[in-house]
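Next up: some structures, all given as structure tokens.
Shared between the two complexes below is subunit A, which has subunit B as its partner in the first and subunit C in the second.
What follows is the complex of A and B.
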């Protein structure tokens, strides 16, 4: 009996193929919606995290007022703080900043008409910007990292390379140092000898000097506020009202675009988060009404079933069975499409799609219940 | 009575539920559409905050030794060709060339290098020849003529009687008592225009960058062939002519590049060559007797009082004006070495020239006491600028060596006025290195205004078009552009900066993908529910359609009646769906205080009208097809 009933039901489903297809499509649409809507948020969140991680937020050290970022006349101790050389004095700025770029110029008595520039990296001096057609070639065994150390080495223009590979410099009458040439500046400025920022003229003797320019990047953008707070314990927010005591320097954090972009994306995420349940409810409602209306339209069919002796509950379960079959098929189909679109099967999407399908089945069940509860005579009358 | 309407009314629950179903799908679609438009707007907004530029890299080696050799010519030609190829790149969004004008800012003081601590940069060229124009009353103490090869020049020692006009930038200098004059400017007959023991007014360019103050005689000169020229004391300096423009072969133009070897008016005296200025020019020297005031009141002094001294003052109150359509396309602003310190950048309206606004540097603001919101008057001149490719050597305590190309300010001259004088509101103050070198240098004496503030600004592009051009690329196309240039045979010629767009790109792509998904989802659900709506409606109506057709009602009338009922239901659904979508979307987004994701009601209405149109067309077509049922072939 039950087998023949299932067979009849299946035949009926096939015969009403358009209606069956639409019901499958409605169930599939609900599942796809759940997948897509859940994917929107996770995709956006993941991309946002990557952006936060990868975006470079530059900070420029300026004078107290912010009017100048060149010729700062800032003591080199500030750069020591930024590069973690003052941790023993409870300054942990290097925990919050990275890629410190600093340049300090020292006039030289000898060679005549030459200057020494202390740099922490090649990009510490705008004159070495590739836009100027400059390229730096380090000798074997040396790299840009040497500029962060204290070795007595230098980079010079090709015409300054000496036979013994050393150059003698003299910043004042009492000091003379022999510096090893470890690289060549091609297409760069002439008359400038570039050396490691912290290079002493005599070994084991640290010197303090004035820094011309300094900039750095934020180490961890997710801790931007914390980083800024800590930076401003040592520097100030540039303002003409600041005290010009020669020891006050500003830091301008160039995070305006970053904040603006992040603000937009965060508002978008918030919108999606609030919108998601609303859209889920709408999808559920659509499923409910679709199921209800499709089932309600089969009243003639149910009347015939009752006339040939089928019980109310039998018809009810038959309808639910049909719908479960179509819904399951639709859910699988929708899940497949959702997986193709989103590329993953998130548990949240699966549970949401199950809820939408359940709402859809409830709609069908209510319609079926309403129909089967009607008196057989009324059903017949309706048929007439 | 429309029988289909009656049918609908007889089964109200079915009809209401159908309307609700359609209405919900419309709500979903319209929310999807609103979210799509919001996300698109956000995408465009964020995308618009980033400017990707490609700037021609300097490939000509520094140093005058190389500047005019064959290698230089080849490299310059290659740069020129690469520039032309880049202009045709498919991923090029805009070619942004900065225009330079000069302005007289009445009542202001110029940001002369002499005004700044000379230990930072006492680079004389930054003051020449605009900010350092002066008029001195002097007494000549001695004159000495010098012969160099076949040319003659003279040096004069002058005692300063009175400084008649000089920029206040020099006020802090020790009192000027003596100046020297080195000149090749002779009288037309070859005589030296100055002699010991006489008193003179001298109009020239002042500099205190050598051990002895020096004054270079200055004369405003227009050459006979119409080329712009001006005297520089040591000879005639000619602007670089057509080099850099696209109208001639660069190789031919390069022969004309010599900065100090341009057109000269030469004479010969005892087999030696001397130079003299054209007639009808402003005099640079005038002998006088009595007092300076008496001379200035005389007929001969009239030109000094009414033209030369006011002209000096104009130049001392001058500034360079950079005109741009996109501040972020200027390399230092793009990479962040120049940045807005206070106020803001220009907005779109300002770029379109609706409002006269400007940006000034913090240094310029400080010395003049300007603040954001203040208005300054700019009287604009197309004086041109002079770009020295290399050879700059300053004498400051900190810097030395050859630093790269730099800009020389050409003086304001009445004939170069573009007859445009108006007030500009300061909307932002930027910070930049006060004086810089290299092809992308941007000094603090620049006042930046939107290009559209000046009608037909492009006509003032000048000869350095190539040096001041940034190619604005579509964001995210740096690799494509470089590949295109490589295919054209010019790899590694450009430097790029995208202001961090590449880091933001992933998020933007996700945003764009989400927008598309929302839209697709909304439209798919709409399409599905529309199919369901029409299917269920026609399943219910078909027996009635057949009935009325059997009773003799013609197909057209039946179609119209069916369509009327369907369209009515659809209209009700669209109205309710639109209101519901607007209310839901607005209540969600209004709390977020973001303009970009706020509900755009106009767009929503347009979308709703479009959906109603689609529904109407589909209903009409299906009503027509199904009303035309073959009565004899169907039970």
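What follows is the complex of A and C.
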């Protein structure tokens, strides 16, 4: 193919600028859609990751029938299992759950009209929610973590602070304990002494007690199914038909919204992923028709080329060259527009638009194959 | 000295529904330096015969020989590129190329350097009466007669020994017709080319050296 032939072909391409621009626009549209589609997909994938990573799935321990989660009277051993204190007994619940919240209340003989409340964390007791204007102020060297330990310490309302910093409590006639004050409860309930959940009344001696409320979060949402399976080896799925026996407890896993948002994102993703091959098919068809229209009006021109003595393949490659040029130009243009819209050039978007352009070119090439088969005996026909 | 001859040529158009016998046994020897006019009623097979001479297809039976070689045996693309040019009633120019690019097109195909090709094309355009100011125009800015002259210049630039014209004056007024016929005549007589013109126009036929009358795909005795 001589250079001058290519050069006049290119000039003719420019002089037919409307038709050429249309083909460029079609190729550009394919590329832009690939970019936009990929942008949408990657945003949905991101949303999926974020939902999995950031959604807190909380679980509430209930009684056997599921009718109450407030006054469980559940043995503290269950909380020990949840917090990983029972690993030596082959209970690995703490591998699947985190942020265990539990509260157990004990009435006190003295100080009078006071109650002792064991908590695993500040948020174990709804009364301590900062929303209610409560703030907990730990003394120097102490933090919320102390609630997880076994030190004999407590947090009290300001009016209970003693001079020596200790407070003496006794739940019954035989027990008396001196507990160190390590924090102040501002704006909170009065008459309640908060202490670490597993605090023994006497050093070294732990006793079982009853727990009022308990809840926790799933540790790793990606292992939700596995986690539930394991949780239900120790707890049950609460059912109103169950008769409370004081020994069996239920867990409500609050994962409906989580599943709902995952389902939404996943169905979006499925849709978007289906659209890619659909787009490819459409581009192939558009390419075919574009090539068809481009060559249809030019049959006489190609027949004249044949009549002048050009070989079939020469003409075919000339046409394919034109289409390739326009498609490449369209892809660049579309890539530019896509970049402006999306603000990035993802390799996936580039490879997809390359595939789409290729499908488009194949469509046009198939259409252009017609010109190889034109009957030049009809060249002198006056019609067409 | 090139020769063009038809030997017992038959041609049928075939499709799935029917067969049309368009050429029915033509034998004739065309000589260079002469103008032939092929006349006959519409549908008598003139265009078909001309197309066979141009090597656009091969006869169903018999053969067209150029320089003693049957068109069925030679590279017909090459034959058309170098030895035979066809001029049509509707000119068949490239409408997105300028006059000059049209005339030089076959030379581009022949891979002649651009400058040389355009030099030669200019010479031929001037020869058929296209002026320099028209070289850069697109064909549809020219009159029919001028367009036909560009088509002739394109044929001349190729250097083809054989010029075939299918009703070249069919779309032209009488003044332009005379001019085209004059040009074609000069090609035969001054440049020793073989010119074969298919025509309806009696005045064109009159100008020819030899008139061949076609009827039902065959020549009647020459007049």
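Methods note: the second predicted complex is superposed on the first by the 330 of 384 C-alpha atoms of A that agree within 3 Å, B and C clash if a C-alpha of one lies under 4 Å from a C-alpha of the other, contacts with A are read in each partner's own complex, and residues count from 1 in each chain.
In this text, a contact is a pair of C-beta atoms (placed from the backbone, for glycine too) under 8 Å apart; a residue touches a chain by one contact, two chains touch by 3 or more.
These figures come from a predicted structure and were not determined experimentally.
Would you sort A:12 into first (subunit B), second (subunit C), both or neither based on which partner it touches?
second
Looking at the overlay, does A:300 come into contact with subunit B only (first), subunit C only (second), both, or neither?
A:300 sits against subunit C, while subunit B stays out of touch.
Regarding the shared-chain residue A:37, is it in contact with subunit B (first), subunit C (second), both, or neither?
A:37 contacts subunit B only, not subunit C.
Counting only touches as set out at the top, which of subunit B and subunit C does A:347 meet: first, second, both, neither?
A:347 contacts neither subunit B nor subunit C.
Which partner does A:310 contact after superposing on A: first (subunit B), second (subunit C), both, neither?
Second partner only.
I'd like to know which partner A:270 touches here: subunit B for first, subunit C for second, both or neither.
In the superposed model, A:270 contacts subunit B only, not subunit C.
Identify which of subunit B and subunit C touches the larger number of residues of subunit A.
B
A:258 in the overlay: touching subunit B, subunit C, both, or neither? Say first, second, both or neither.
first
List the residues on subunit A that touch subunit C in their complex, please.
Subunit A residues touching subunit C: 2-5, 7-8, 11-12, 15-16, 300-301, 303-304, 306-311, 314, 376-377, 379-380, 382.
Which residues of subunit B touch subunit A once you look at their complex with the stated criterion?
Contact set of subunit B toward subunit A: 14, 17-18, 20-21, 24-25, 27-28, 31, 35, 38-39, 42, 45-46, 49-50, 55, 57-63, 117, 120-121, 331, 336-337, 339, 341-342, 361-363, 365-366, 397-404, 431, 433-434, 436-440, 495, 499-500, 503-504, 506-507, 509-511, 513-514, 517-518, 521, 524-525, 528-529, 531-532, 535-536, 539-540, 584-585, 588-589, 592, 594, 596-597.
Name, in rising order, each residue of subunit A that touches subunit B in their complex.
Counting only subunit A, the residues touching subunit B are 18-19, 22, 25-26, 29, 32-33, 36-37, 39-40, 43-44, 46-48, 50-51, 54-56, 58, 60, 62, 65-71, 105, 107, 113-115, 126-127, 129-133, 187-192, 212, 238, 240, 252, 254, 257-258, 260-261, 263-265, 267-268, 270-272, 274-275, 278-279, 282-283, 285-286, 289-290, 292-294, 296-297, 341.
Could you pull out which subunit C residues touch subunit A in their complex?
Where subunit C meets subunit A, its residues are 13, 47-48, 50-51, 54, 56-57, 77-82, 85-86, 88-90, 92-97, 101, 104-106, 108-114, 117, 138, 154, 158, 166.
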